[in-house]
Amino acid sequence: MTDEKVWPQHALGKELNNWGRWGEDDQIGTLNFVTPEKRIAAAQLVRTGKAFDLGMPFDKEGPFKAGGFRTNPIHLMTLLPSDTPTPDGLISADDMIITGLQSATQWDGLAHAGYGGRFYNNVPAAAVNNFTGASRNSFHHAVTRLISRGVLLDIARLKGVDRLEDSYEVTEADVLAAEERQGVRVESGDIVLLRTGSYKWFLEGDREHFLGNAPGPGLDICRWLHGREVAALAMDNFSGEVWPSPVEGAMIPFHQVTIRDMGLTLGEMFNLEELAEDCEADGVWEFLFCAPGLKVTGSTGSPITPIVLK
Amino acid sequence: MTDEKVWPQHALGKELNNWGRWGEDDQIGTLNFVTPEKRIAAAQLVRTGKAFDLGMPFDKEGPFKAGGFRTNPIHLMTLLPSDTPTPDGLISADDMIITGLQSATQWDGLAHAGYGGRFYNNVPAAAVNNFTGASRNSFHHAVTRLISRGVLLDIARLKGVDRLEDSYEVTEADVLAAEERQGVRVESGDIVLLRTGSYKWFLEGDREHFLGNAPGPGLDICRWLHGREVAALAMDNFSGEVWPSPVEGAMIPFHQVTIRDMGLTLGEMFNLEELAEDCEADGVWEFLFCAPGLKVTGSTGSPITPIVLK
Amino acid sequence: MTDEKVWPQHALGKELNNWGRWGEDDQIGTLNFVTPEKRIAAAQLVRTGKAFDLGMPFDKEGPFKAGGFRTNPIHLMTLLPSDTPTPDGLISADDMIITGLQSATQWDGLAHAGYGGRFYNNVPAAAVNNFTGASRNSFHHAVTRLISRGVLLDIARLKGVDRLEDSYEVTEADVLAAEERQGVRVESGDIVLLRTGSYKWFLEGDREHFLGNAPGPGLDICRWLHGREVAALAMDNFSGEVWPSPVEGAMIPFHQVTIRDMGLTLGEMFNLEELAEDCEADGVWEFLFCAPGLKVTGSTGSPITPIVLK
Amino acid sequence: MTDEKVWPQHALGKELNNWGRWGEDDQIGTLNFVTPEKRIAAAQLVRTGKAFDLGMPFDKEGPFKAGGFRTNPIHLMTLLPSDTPTPDGLISADDMIITGLQSATQWDGLAHAGYGGRFYNNVPAAAVNNFTGASRNSFHHAVTRLISRGVLLDIARLKGVDRLEDSYEVTEADVLAAEERQGVRVESGDIVLLRTGSYKWFLEGDREHFLGNAPGPGLDICRWLHGREVAALAMDNFSGEVWPSPVEGAMIPFHQVTIRDMGLTLGEMFNLEELAEDCEADGVWEFLFCAPGLKVTGSTGSPITPIVLK
């Protein structure tokens, strides 16, 4: 690494650093904000019993083209009705999946990104390797914390557009204005869903645009995330931050500050379209959010199908 | 198939058949009992904010031995800190999983088992194939319905044992007695967790015993499941029913009636140990149960990490 | 199956049927023509010591697009230099492949195609299933037989074209004319390489065309293959026969006759370009051909990197 | 790395170093000894036409136990007869493999092992990474060179034993004595097969012993390998050298010298039993050896089914 130049994300990360805040052995960061009291309060938000599915399907029709670094999930049948010719006419089917933990709707956990040779809470780079996977900061420690109050901030609607323009950077002013417009306030332990409208590209079948110059948040909202004690932040774009990065020479500076310094779990490729319609219609932007993910030992994140109950 | 002999499970399945009950296009069966009202009521059960993780870890230390039909999940790193030598010192890690959808804690969906050439709701065997996966009854239709009121029935504690003996069949009398002892009543839309104690074998590292002659429910409880309108039934054994089957010549007769005729989703390999301790301690056997799983298109089930909030 | 209509390929298959020719337990068909004497003679064809690689690379840049039935090979690193910080400075790397056995240059073995509920040598369809793979006719029985005399027949050059036109059907007249032009005669135990020029589409990066309306052989050459006692037939197209099939209602009639009735192993996606140049230049169209493949138990074929020595 | 201590393998490697010998861009090392002349001579060794298969089956019954670093190959059916209900009764089957390139009989290529931050021919460690695989020294460059004269040296028979004792180190004196006893001399471009008898453990089903304290060659034979200009060296043990290493603190010192300094491709888990019987019987220890492997782009080696023709 080259820390001689002071990178803006590293300076900001130093300011917002949460290392040691929950002990030197902590592996879940801001998910510590999801307390028993928070769960009780969040459950009270189920008022109409409506349910929303925020997940991208896991299948070969996913966003990735052949030949790239990431590939779409591969679903295989491993048992079929023709395999079980038993006396009682049993038919049975099993299946298998081969998937990147980052191949569709997903959590980026605290072993997913860092800098300066360190992940969240001073974990050295070598703690993440082929023998152990993520021997520290594995996502699997987080599963019980990913049910909490969810709050949707709809930046596209704030701006009066169908979707934000390519590479638009969502700012602190934007999220404050969205709270104001929506009459909701993000509080400690919330899981924030930030809507840019980018997911529409995927829904419309334009995978190239979806994986292209995405709108998303940048360094400017980090202090707000920190001050409000946000537990996790999820987005509808593919990249988890504005793409490409406005910080020259830095590919994912927002990931660096949030995941590595703050210990903030990030969500990507959330389908917020139907939920946002409903929230706009009834004026209720808070709900019970549920996306525990899969407890894969040593993982840097998890594929998920997030569910919202209002 | 040979339906000339009348198999007891098929006779029972005819009696309890739910085909057409929710329309001829229905693909989720008894999960239809999870209504908006049910969700609202279930959410009220979060009273202390305690969370319980009922999942088996997804890793190569799973229950299966090398050489068998099923294999343990394989977790692979696809990006490591050493791969990203960027100017700003970025380190990043990605990963992948290769796993049977039935390799650890899981839902068995409505394309997983049938007989007589048919799956639930008259779906022909050929609807599940290598081209489409489960083109009908795919688990992915069910994800929003797997958050509901959960009720734990602890049959091992009812019997005053650490775990039920090998191949013990849990009966209707047992579940009624467990309700009586616990002071709880299973109702429409509930997700029932049935504890046999079998999971202790896995926790103790005796994989062979865990995958051997498991205690579990049999045909005798099907009328009770039907009458109470249970939405889904999960167990702590590997097999989802008593093993081996007491019906000679039939491998999984309980699966046949429940999944195929009733349209009941089954859960297997749930770790109920810690939750059961807590329920015994505070006398509260009902809670918010949350296990939406993964929306894998065309799937016969899903790997899950179920979470309970009390 | 519906054998009421007499399909032309089935009538031809009946005529050319080799079932029982090498015993009722035979699993390798026409590869029995590769005898010890044949090997000795084939080895004598190495005269200049030149070697030719006829394989398609196994990687994610293969011919298949995302979302289709088949996917390109996925190569993954499972150990990297950063994983092995030992006292003596060891660096080590391991890797893994996930690949269809039919995803690049390949043999189609005798469990790959059939009709009428039977594979080669009267093997029932159910012998190929998810529990055993191909319990009969597995490719792995064939590995020692895939070194023999190879003969290239260059149909494109015969016709004076760069590559044959889309969906051109190579006929018996064509192969006879090619032998005549080239001054070579195919004999018992030979592995014939049939060049259409179709592979050029792949080399030029036009995957869609390569996987489209391919030139290739049809039923017309089956009697010639049979009469000459060809051991295996390999081609440079993706489909192993002219595509789409000229027999209405039949997808792969040539596969049916050759693989199922004759017991002939077929090769697909062979890169014959460099070899054909050389043969045209020196007028020598026979050589030692070597493509044993991988001994995957219960397989329907094998990925290969065929090598020719002249 | 810590080169302050002078490790014996590094001192030896410096002495036997072949970097630059075939140009600074060379990626195949001692396989350069396999020349056109060598191929011509090797082909002449096919005298009886007998063929021998030296491969371990690729299937889930391989040597590895569940839970370890490496796993056995997984073979999956991706198309079955029940999937193709076409008018002409077609039945078809496809399949897939998930396998470590080091999971059964295999070549270790020149990107598999090194030290001091370098692989063969001064290639930096970072050239092998998750983005490119082995961007230098990939095995796939070697495929045309793995057909040559093979010579079997049977050290177990030399010692008059069924198999060498655990952790026995094969020395230069041993290989010289074996040549003497057998009346054969290893020459430039040969592929040497070194028999320890260790493979018998695998054949007898004792996987633990097979993967345990294996007999094999050590540093002592490196000068002989170098002086004789051996092209590749294959063994019947799992480890490719005596195990555990007699050099304290060094795990695979023989790999370091041979692969990294000499550029020598190593073979592991070769089944030499049947071939050795035959050679002992007829007194002919030389033959045409053929194991081109699979051209996996960016690979550190290849799974193989080696074939010998005598």
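Structure notes:
Labels A, B, C and D are assigned to the chains in the order they are written; within every chain, residues are numbered from 1.
Heads up, the rule we're going with is that a contact is a pair of C-beta atoms (placed from the backbone, for glycine too) under 8 Å apart; a residue touches a chain by one contact, two chains touch by 3 or more.
Source: prediction; values computed, not measured.
Touching chain A and chain B together: C, D. Note: Cα superposition of chain B onto chain D, rotation of 180 degrees, nearest 5.
Because chain A and chain C share one sequence, their contact can be compared position by position; here over half of the interface residue numbers appear on both sides. Each chain gets a centre from the mean of its Cα atoms; for chain A and chain C, those two points are 46 Å apart.
The geometric centre of chain A is 45 Å away from that of chain D, both derived from CA atoms.
Within chain D, the positions touching two or more other chains are listed as 61, 76-78, 80-83, 94, 96, 98, 126, 129-131.
Those residues of chain D that touch chain B in the complex are listed here as 60-62, 64-68, 71-72, 74, 77-80, 82-83, 85, 94, 98, 126, 129-131. Of all residues in chain C, those touching chain D in their complex are 1-3, 5, 7, 9-10, 35-40, 42-53, 55-59, 61, 70, 73, 75-78, 80-82, 86-102, 111-119, 125-126, 128-130, 133-134, 140, 143-145, 147, 247, 249-253, 255-256, 288, 290-301, 303-307, 309. Chain B contributes residues 69, 76-78, 80-83, 96, 98, 131 to its touches with chain C in the complex.
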